[in-house]
Structures are given as C-alpha cells and as structure tokens.
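Order of writing sets the chain letters: A, B, C, D, E and F. Residues in each chain are counted from 1.
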C-alpha cells in the first residue's frame, strides 16, 4: 500500500478509524492562530481595555462552542466528551492578536482537532466582528502547539525541525 | 461612541445587526487558505494523482457543509440561504496546498464569512487526515480574496494597501 | 464531458450547484416508504387504535424535524426555508405501514430530498421503537411519488416506465 | 372539528402548517423572562459593574445563537432567516435580572417563538453560570411582550385582560 | 478574587471548567416549569383526553431532544451522554400545566442543565402549538426540583430557605 | 400492560429508556440498503471507474456524518460515542448499488440505529446526486444485517424466519 493515511482504507476510501480497542487515557492539546490587522482595527477591538465590550468574550464563546462541534465539522473525527476547553486571546503587538485554545479529555483519541477548531472559529468570529472596518485581516499560523497523552505520546511544535 | 464595530451596540453589547430593511442583492465572496506541510506528507495526499483516494473529496465536502453551518458557528452571522458553494484544492508547490472557497446568494448580507468558514474547515479536515504522519502542518493566509455586491460594493485583496 | 451528474464539476469534483440566477417558484414533493414487519409487531404499534400511545406521533415529529435538517445531512443540498411539512403513516395490511411525507416551499430548488429525508427518518424512528421486539423490520420502496414546480416541471412515479 | 389548534390536522396529528401562499411581511417580536435569585448571587454576577467579566456577554451570545436554532428546537416551527436578534439583560432589583429578546425578519411567519427561545436559553445560561453558588434560582414570567406584523396584526401583553 | 463563579477564570473570562480529573458517578436531576393559560386554551389541549392528538407527545419529544442538545445550547456546559430522559406533563388546575423533566447519567458533571433545558423547550413547544389561540400564555417557575450524586451531593428545592 | 414497546412508559408516553445501570460492552452493527436505478444512471455514477469523481466519496462521507448525528435524528436514541464507522458502496448488478454501514463502540446501548442511519443517508445522498437524470431511483431493503454484543446478544438477519 503506497499511502499511509490512517483515515483511508486500503481502497483509498475514507472511514472513521476503529478505536474500539484503544484504552482511554488523559489527553490534552493546545493550538494557536494569529490575526494580523491594521493597527486602527486592533485599537477598536481593545478600545477601553480588554475587558470592555463583548468582542473578545464573543470570540471566546464561539471558540468553545465550536470545539464541542468538532466531530460534526470534521467528517472523520470521532465524537468526544471534552472535559475542558479554554480560549485565550492576547495582543502580540500593535497589529496582531494571538488566539490559543486548550482542550482536554480522558478518552480514546486525541483532542488536537478540537483545539485547532476552537482556534479557527474564534479567529473567524473576530474577523466577522471587524470586517466592516477591515476586510483585509489575515488569519495566520493556525497550528498545533503541543499535545500530551495517547499512544503516540507527547509532541511539541517547538521541538520539530520544520 | 469611541468604537465603530457594527456588531456591538452603544453599550458595547454584542447583537445580530438589524438588516431587516436592506434590499436583497446578488453577492459573492471568495476566500482562501494555504496548508504548508512536509513534502512527504503532500506526496501521500496526492499519491496516484489528485483523483485517487477520498482525501481531497472529503475536504471539499467538509468545506461545503461548514459553509452552510456558518450562522451556527459565528455567533453574530445572519442565517443565509446560500445558492452556490464550491471548494477547490490545488497544489502550489512541493509542500503547499491552496484551498479556495466561493459562495454566492441573493440576500441582505454578504457571504464573506461563509467563504472563510468553508476554507477553514476544509483546511482543518486536510490537517485531520494527515496528522498521523505530520502534526506540524500549518494553516496560513486564511483571508478574503474578493467579494462582490452589497452596499459596500466590490472589494479585492489585491487592490488593498496592507 | 462523459458524465452528466450536475453535482460534479468538469473535474468530477463535488460542488453545490449554483442556483443564484434561478427564479423562485412554488414547489412541492411527496415521497413514501414502506415498513414490513411481523404482524405481532404491527399489532403492538397500533394497540388501542392509532391515536393511542406516542409511537406514531414520535415518528411524525422525527420526520418533520429531519426534513428541516436535509441540507445538513445531504452534503450538496441547498439550505431551504420549507413552508409546509406533513408526515402521514397508514396501515397497508397486517404487516406493513406506509410513511408519506409532503413538503412545499417557494424557492429556487425542489424539495424532493426534503420529502425523502422526512420519510426515511420517520421510518427509522419506527424501527427504533420496535427493534426490541422485531429486529427484522425492513424499510422498502423509499421513493419519490411526485413533484410539482421548477424548471423540470411536474413529475410522477406513476407515469414512469421503470 | 372540536379543537382549533392550527398545528394539528383534522386527525389530531402534528404537522408544520402550510404557509406557502402567505405573503412575506415585516415582523418583530419581543419576549422577556425574569431570574429571581439570592442577592449574594446577583452581586457576584454584577461584581465590578455590568461590563466586567463574561457572564452577561455569554448569556447574550447564547440567547442570540438559540434564537437562530428555534426551528431545530421547536418541532413545528418553520425555518426562518432572522434579520435582527438582540438580547438585553438588566437588573430589576437586588434579587432579579430581566432578560429581553427582540427578533425581526421579513417573512411568512411570526418570530414570537424565536424571541421566547432566545430569552429562555439566555436565562438558562445565566442559571448555569451561577448554579455552583445558588441552585435555587427560578426563571419566571417567560412571556411574549409584543409582536408586530403578520395577518393577525400587532399584539401587546399590556392590552390583554389576563 | 472577588467573584466565585466557577465558569469564569481569574481574568473574568468564560471557560468550560476542567473536570478531567473528576471521577464519574451516577447523577440525576429533575426540573419543572408551569404554563399558565386561559381555561379555554387548556381545554383545547386536553380535548378528548390526554392521549388524543399529538400536542403533549410533540412537547415531550421536543423536551427529550432538547435535553440532548444542552451542551450545544448552553455555551459552558460539557457534552454528556445522558442515559435517561423523561418528560411528563400534567394538569395542575383549570388553567395550568406542569412540565417535569428527569435526566440521569453516570458521568463527571451533573445533569441539572439538561433537565432544565428539557423543561424549557417542552414548555416553549406547548406555547408554540397554542399561540394562535392564546398569545398570553406565561411560562413560570422554571426551576430545579432536585439533584442527586456528584461531589456537591444531593439537593432539593424543598429544603431550601429561599 | 398491553404493549411491550420499551420506548413507551406505562401511560404510552415516549421516553428515552433508562440505561444508567447497564454495563458498557463492545457492540457492533452492520446495516445495508440497495438502490435500484436505470442502467444508464449507474453507468454515469461509475463512469471512469469507482475511484473517479466524488460521487461515491460524497455518499460515504454523508453516511459517516449521519451516523454521528443519529441521536439528534431519532428522538429516543441515546447519545453515543461511536468508535468506528465505515460505509461501503458496491455494485450488485447493472442497475443496483448496495450500501453497507458498520458501526462499533463500547457502550451501554447498541449501534443498530447508527448503522441504519448511515445507510439511509448515504443512499439519499446518492439519490440526490443522480436525481437530475433519474428521479425514479428506489431505495430498497434497508435493514439490519447483524449486531453483536449487549444483553440481547448477537443477532443476524440470515438466521431469522421472516
């Protein structure tokens, strides 16, 4: 068999991988993404301080709810019962916000996709609320930062060559 | 009022903007995103040619279905009846795939978020199917390329200063 | 182009067909399906008369709710705003129930899939409630009976050769 | 026919009423509900002023998203494309919060259920965030305050005898 | 830290509380709500006896389905695998119906919100089916009656001072 | 009690059966359905070989995603965390396709409904993509083929009298 993508069977057909016989273990994952925008746009989001206005709260809630919908959005993801979801949004500099999402559960599959989905939807929600003033916002560097647990063990983006 | 984010009322509270009195018009939007991965990973996806295996088809379907769920994912988006959704995935070079999503409808609000959501979920689906071989894939440059129609008129990323 | 399936583009890729420029018109569709079961099973469903117990009501509600979810279930279906859904369940003989679903709307695409989805889920709901006593129930003859409206005009299963 | 509930046909079977031939018109509805809790609980919610913390923002977002899901929650509701949703939460006195939800659209059916669903889910979300400190919170007086538009015309709770 | 709402972190930001390390235990919760309406309206609902017509069955099904959607509706609720849901509707007097919902599971968090959501949506469904004849129906006293299990132990509304 | 349908209580009211005290065990189920169509229609689906074009991939993905939504579609089904889903589509003869769906999990209830829902929605998706050329396609013989595990033990359609 020339490929080794686990989500395809030997005919190349998509399937939801059988994890029936895996043992549940504690797993966590953290993903991040960055929004790059005009400084004026970022000023409007932060106007009055981070706690003022519903912009960041709305994005956090959207990210949390999306993480719970991951198996509905990503066709080959297993349904999971997440036991923790948090979304944090911080200012990196005058034109960038960073979105972090951390998920955890005790289960048979990892929660990388849940963390990445939380990040993506929180970032899209920020775009949505700002698009009337800045359609050129770009969502960048959506990536897994680290994961723990599971058969493949711990992994961190920092220790990777690429 | 110090901010001008349309999704906040004058108290800074999130609301779904009133578009009751806007006239419906034809609107389109195209968004894109790029996945950067190891060359070996991309080879596996493309093994046997683009039409072989369900990888790209699965991502296209996931993007199309996600575009239809936009108002469920992005809290302040209006429910819409999209009349067209397409997702295209093309190889840019030995380590990058580009995802494009185009949406259209005749309605009272634009379809930028639908196109961006389609791109994001198609890209996440590709990540999901490849993560067993390459957890370091990064989703980059998720952005609106162009939109047409609506009161704010046509817009293109190419003509923007930033 | 060798195929003529409208849901595939010229590369053979799935897309949601562009109906942006179609005019809305009144459309209806009626679909049906038949459940074949042991006579004892049907007796239990009907015990005390059709109006007694929640079995048939539960199936009707499930069918109505599923018809509204069609564009979420069938990947290339357009989101629609149905203006009428009804599900009717009648006894054909001592071992068969017929499920009929009729949908209507004024819109740009037909409602055949909505009627067929309503029938299928109502039938599955009946199976679910009876499976403790009869796992061998078979759902048969799920088909479109007729449609009206739209560019392709009226159609009826009765006038078809096959 | 002895009853006159429009959601039942002449057999007493539930159906989604046929509104295919109604003309679209502008419609609005406002509903409200009241949460009664211990004064200490309300103090915690409001600690630092209404704009501090995500409690009220979370409830507003939940109410807005729930209003969009109304036809998925209430079996015989028609799918609608709401053009406006707002949720407002105000302090009535030392132990009560009032939740108001206003919805609008131009369509064939009213938006009373959408406003009531938005109120109920915003109130439940407040309960959820406070239940660790006060399980005895009661949600009261969930009711329609007023509606405008549609064949039955305007209606206001204030002008009603009961 | 001035507040003690568990759903907010020390910045006041909403998050889904980490229950990864809690042990699963058997939990139940019962909630209720009351609908107050005109006596004529209640007569129509009950016409022919409680088992006639789909009104109460529709409300029961809606409540059961909503309880399963709780984590999708209430942003900070954990996804749960309920093992029991029942909805009961009884006549209190000539103008009131009581809705009760009981949920159970063996899990890491309680099912109070599931029971309350089931009650609320069943009550809204009853409102929906009656609103053509009585828009003034009020949903009252939506509250938790009792819960069992979990670290905080059993709780009953009857033993509470307020 | 005259009936013995487990999904009804002794009043005949629908409820989600209490499985709180059942022990989890490994369970599998396989269901199938058959689509009968004109030979020309089947030729178009298969044009260029089974791996060409997105038709079968789209149906497989739709079936997999639908199996995960079973508890949202079938009112009295328990929410489950499936650990395996596969959908296979094979040609039976010049006018028939067979859809098979197999599901597995370790849980308290069986996965028969999940397998049947996967089959039904995959079949409906095939109908949808072909309906422009053949509205007369019929979905037949939707049935459970076999199940394993659970208190009622293994079951196979082949060993049944009816």
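We take it that contacts are C-beta pairs under 8 Å (C-beta built on N, C-alpha and C of every residue); 3 or more make two chains touch, one makes a residue touch a chain.
What you are looking at is a predicted structure, and each value in this text was computed from that prediction instead of being measured.
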Recurring contact interface, reference B-C, options E-F, D-E or A-D [over half identical by residue number]: E-F
Which of C-F and B-F has more C-beta contact pairs: C-F
Geometric centre distance via CA averages, subunit E-subunit C, whole Å: 31
Gap in Å, rounded to a whole number, between the CA centres of subunit F and subunit D: 37
Shared-contact residues (touching 2 or more other chains) in subunit E: 12-14, 51-54, 57-58, 60-62, 65, 69, 72, 75-76, 80-81
Touching pairs among all chains present in the structure: A-B, A-D, A-E, A-F, B-C, B-D, B-F, C-D, C-E, C-F, D-E, E-F
Touching residues (chain side subunit F, partner subunit E) in the complex: 9, 11-20, 22, 71-72, 75-76, 78-81, 107-108
Subunit A partner contacts - residues on subunit D that touch it in the complex: 51-54, 57-58, 60-62, 65
Contacting residues of subunit D [partner subunit E, same complex]: 2-8, 12-14, 33, 38, 44-45, 47-48, 52-55, 57-58, 61-62, 65-66, 69, 72-77, 112-113, 116-117, 120-121, 123-125, 127-133, 135-144, 147, 152, 155, 157, 160, 162
Residues of subunit C that touch subunit D when the two form their complex: 26, 51, 56-57, 60-61, 64-65, 68-69, 80-88, 104-106
